[in-house]
């Protein structure tokens, strides 16, 4: 069997203020898999995400990315392998222009000159934002900023792409454009979301994180159709949406 | 301000002055200001020549006189200070229009006014022909510490975002019928300011997370490098060069 | 000369800020600067038609620490200078010395001093913030007068100007103090951990893993101030943190500033050299006493006097000297910083 992209085992963590968010999380993502991480507010989703590239740590348990344990020793490699797209693109796009922002990651890894330019162009082309390279980020629409945020991470050629609420605040057209981009990518994807139809559309597999543990793990369609499970974890489908009538995955 | 690309003082254009690399322009303005400040105040004609030099630059940069003069108004607080001087300064006094004024004070006022105006005019010209982004690159090129340049560029990137949050908070207050009319309402405003600080700080933490997630380890990677040719340097330094000649004349005459 | 002074102070602050915020300095200080920038636009109506606004030096120092405070306000001033030609680049040196360095340092010293004396609690923090902000504004006014007096070419009755300046600024200070205190107390009510000047309470953590309680290792999220110990004796607050490192750093900064002064006079005023040599003597003596007060404040004032008295060069020297001399100082400091990258406290 090939090394999985991501392996999380027994992960527990409490914040300095004493609030414990994770109580022993276990799961594995195979290479190339697209999975959704579902769960109510306060379930510990963001905390879990921040463990994946070692921003949070020091609790119990372990995270392994493509066979590499997340820890101080391999931090630079880990951060290159795990690309996190944060919820608010304004936090993610901190450089004066789109081009510089996309270049930030690869440049931090030591890339320079023509190789850097090529990397930036490819990443922007993959999200369809190549012609906006010289624009300052806050002159873009929210949907465009979200796509640039994805490009900033793609430019690092990550092993696994982690998206925190990728569809939040997007209008339907931007939401579909982003889905097209994500479907076209050939990387492992972990998508943290409340948007259950989006999860069903993009991710064959889903994990439900509830009260700091993985409460369920299975095909997205099956989980979403299990009404008792959904209710137990405060997950609700939009009005009139029936997962059984929608073709799962893509 | 806008965009981090343009700002209130910037005037878009393609003149030779616009095209000069930012650090040469910065160096030229600095040189000019130092020369002006070290000119003896008695050499009034020298200041006239400096003004002419600046007018020449403005012409080359195609910055209209009206634009330049309007921007000079920002100097007013300094003028107020200068105007006070002849009244409060001591030493021999003289009569002007029946008012007793200190001679030293008059010289002092002239000194502050002339040098201040020329300095501000040079800065306004620089700002009018250089984008903010370029200015920062130029400052970095001139060996301003990178940390300071980074702080400045973060401030510019997020200045609008934070100001916007503040505006939204004001709209939210107004929508609930609140209008600050006096000292009694300071508590509410200060609470907004406190909330704004918390939001800003937390955003700073999130930005840092996003940076760290992309491999930031304390130093910014070099992405853009500005360079200047010898010709560009010499045309930029023509201004302080000419000013220096005037200054030397001022000291010898 | 104020340029050199400002540059020196900023150089010290850059190092200090790294201690306060470690590698998070750039984004956090940048965002705090953006906050100061925005909050200066917040109008506090006084009475019909008139209104005041925050200067922010005291607020910044109390919320994020003196070094970061100095940096943030300096950057705001720099950007205002560029964006709005506000006050002009010419006066940048004076502005930074005055509005960033003096207000932040005075406010922070007063704030920590009061906290050490007052009983612990939210009320004390608010009260201390009030007094700190109140004093910081006239202190800046005094500093301005002093700078003008020793540097000005016009002999003005010092007393007269000082009285007028202080009188006006005490009034402004009251406004600043009320707003600062209210804002600090608003922050402390929600996120007390964010108020730098009032940090302290950190509890041991317990983790629950699958039902068992486990001791958590020290949190990795940086808690820069390991031991704030604010209530130690009654000595000057910043001095409590004056380690040998700081002392040494102050010495370095002071000598760099002096080096700047020497080179400046060497070219501009040959007679000044003798005077500067004498000053360095003073400096060597003074350095032994730095533990008596804030290193910044005290070398600041000393330097104004020395440099200005010996100089007598034309009035307010602005951005020219700031950057020329400043760059020299920075360059030297950075050189040093690069050579000690392996030192454990520089990165993380």
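Residue numbering begins at 1 within each chain, and the chains themselves are lettered A, B and C in the order written.
Just so we're on the same page, a residue touches a chain if its C-beta (ideal position, glycine included) is under 8 Å from a C-beta of that chain, and two chains touch if they have at least 3 such contacts.
Just so you know, these numbers come straight off a predicted model, no measurement behind them.
Annotation of subunit A and subunit C: jointly contacted by B, touch as defined at the top. A count of C-beta contacts for the chain pairs B-C and A-B puts B-C on top. Using the mean of the Cα atoms as each chain's centre, the chain most removed from subunit B is A. One finds 41 Å separating the Cα centroids of subunit A and subunit C. Between the CA-based centres of subunit B and subunit C the separation comes to 21 Å, rounded to the whole angstrom. Subunit A and subunit B have centres, each the mean of its CA atoms, that are 43 Å apart. Shared interface positions of subunit C, defined as residues touching 2 or more other chains, are 27.
Under the contact definition stated at the top, the residues of subunit B that touch 2 or more other chains are 153-154, 156-158, 161, 203, 207, 211, 216-217.
Among all residues of subunit A, those that touch two or more other chains are 94.
Across the interface of their complex, subunit B is touched by residues 50, 53, 55, 76, 79-80, 82-84, 86, 88, 90-92, 94-97, 100, 103-105, 107-109, 112, 116, 136-139, 152-153, 156 of subunit A. Those residues of subunit C whose C-beta lies close enough to touch subunit B in the complex are 10-11, 14, 17-18, 23-35, 37-39, 41-47, 54, 63-64, 71-72, 74-76, 78-79, 81-91, 152-157, 160-161, 178-179, 182-187, 189-191, 194, 268, 313-321, 323-324, 326-327, 330-331, 333-334, 347-348. Interface residues of subunit B facing subunit C in the complex, by the touch rule stated above, are 1, 7-9, 26, 29-31, 33-34, 37-38, 41, 71, 74-75, 77-78, 85, 88-91, 104-105, 107-108, 111-112, 115-116, 119-120, 123-124, 127, 132, 135, 139, 142-145, 147-148, 150-159, 161-163, 165-166, 180-183, 185-187, 189-198, 200-201, 203-205, 207-208, 211, 216-218, 220. Of all residues in subunit B, those touching subunit A in their complex are 3-5, 133, 136, 153-154, 156-158, 160-161, 203, 206-207, 209-217, 221-224.
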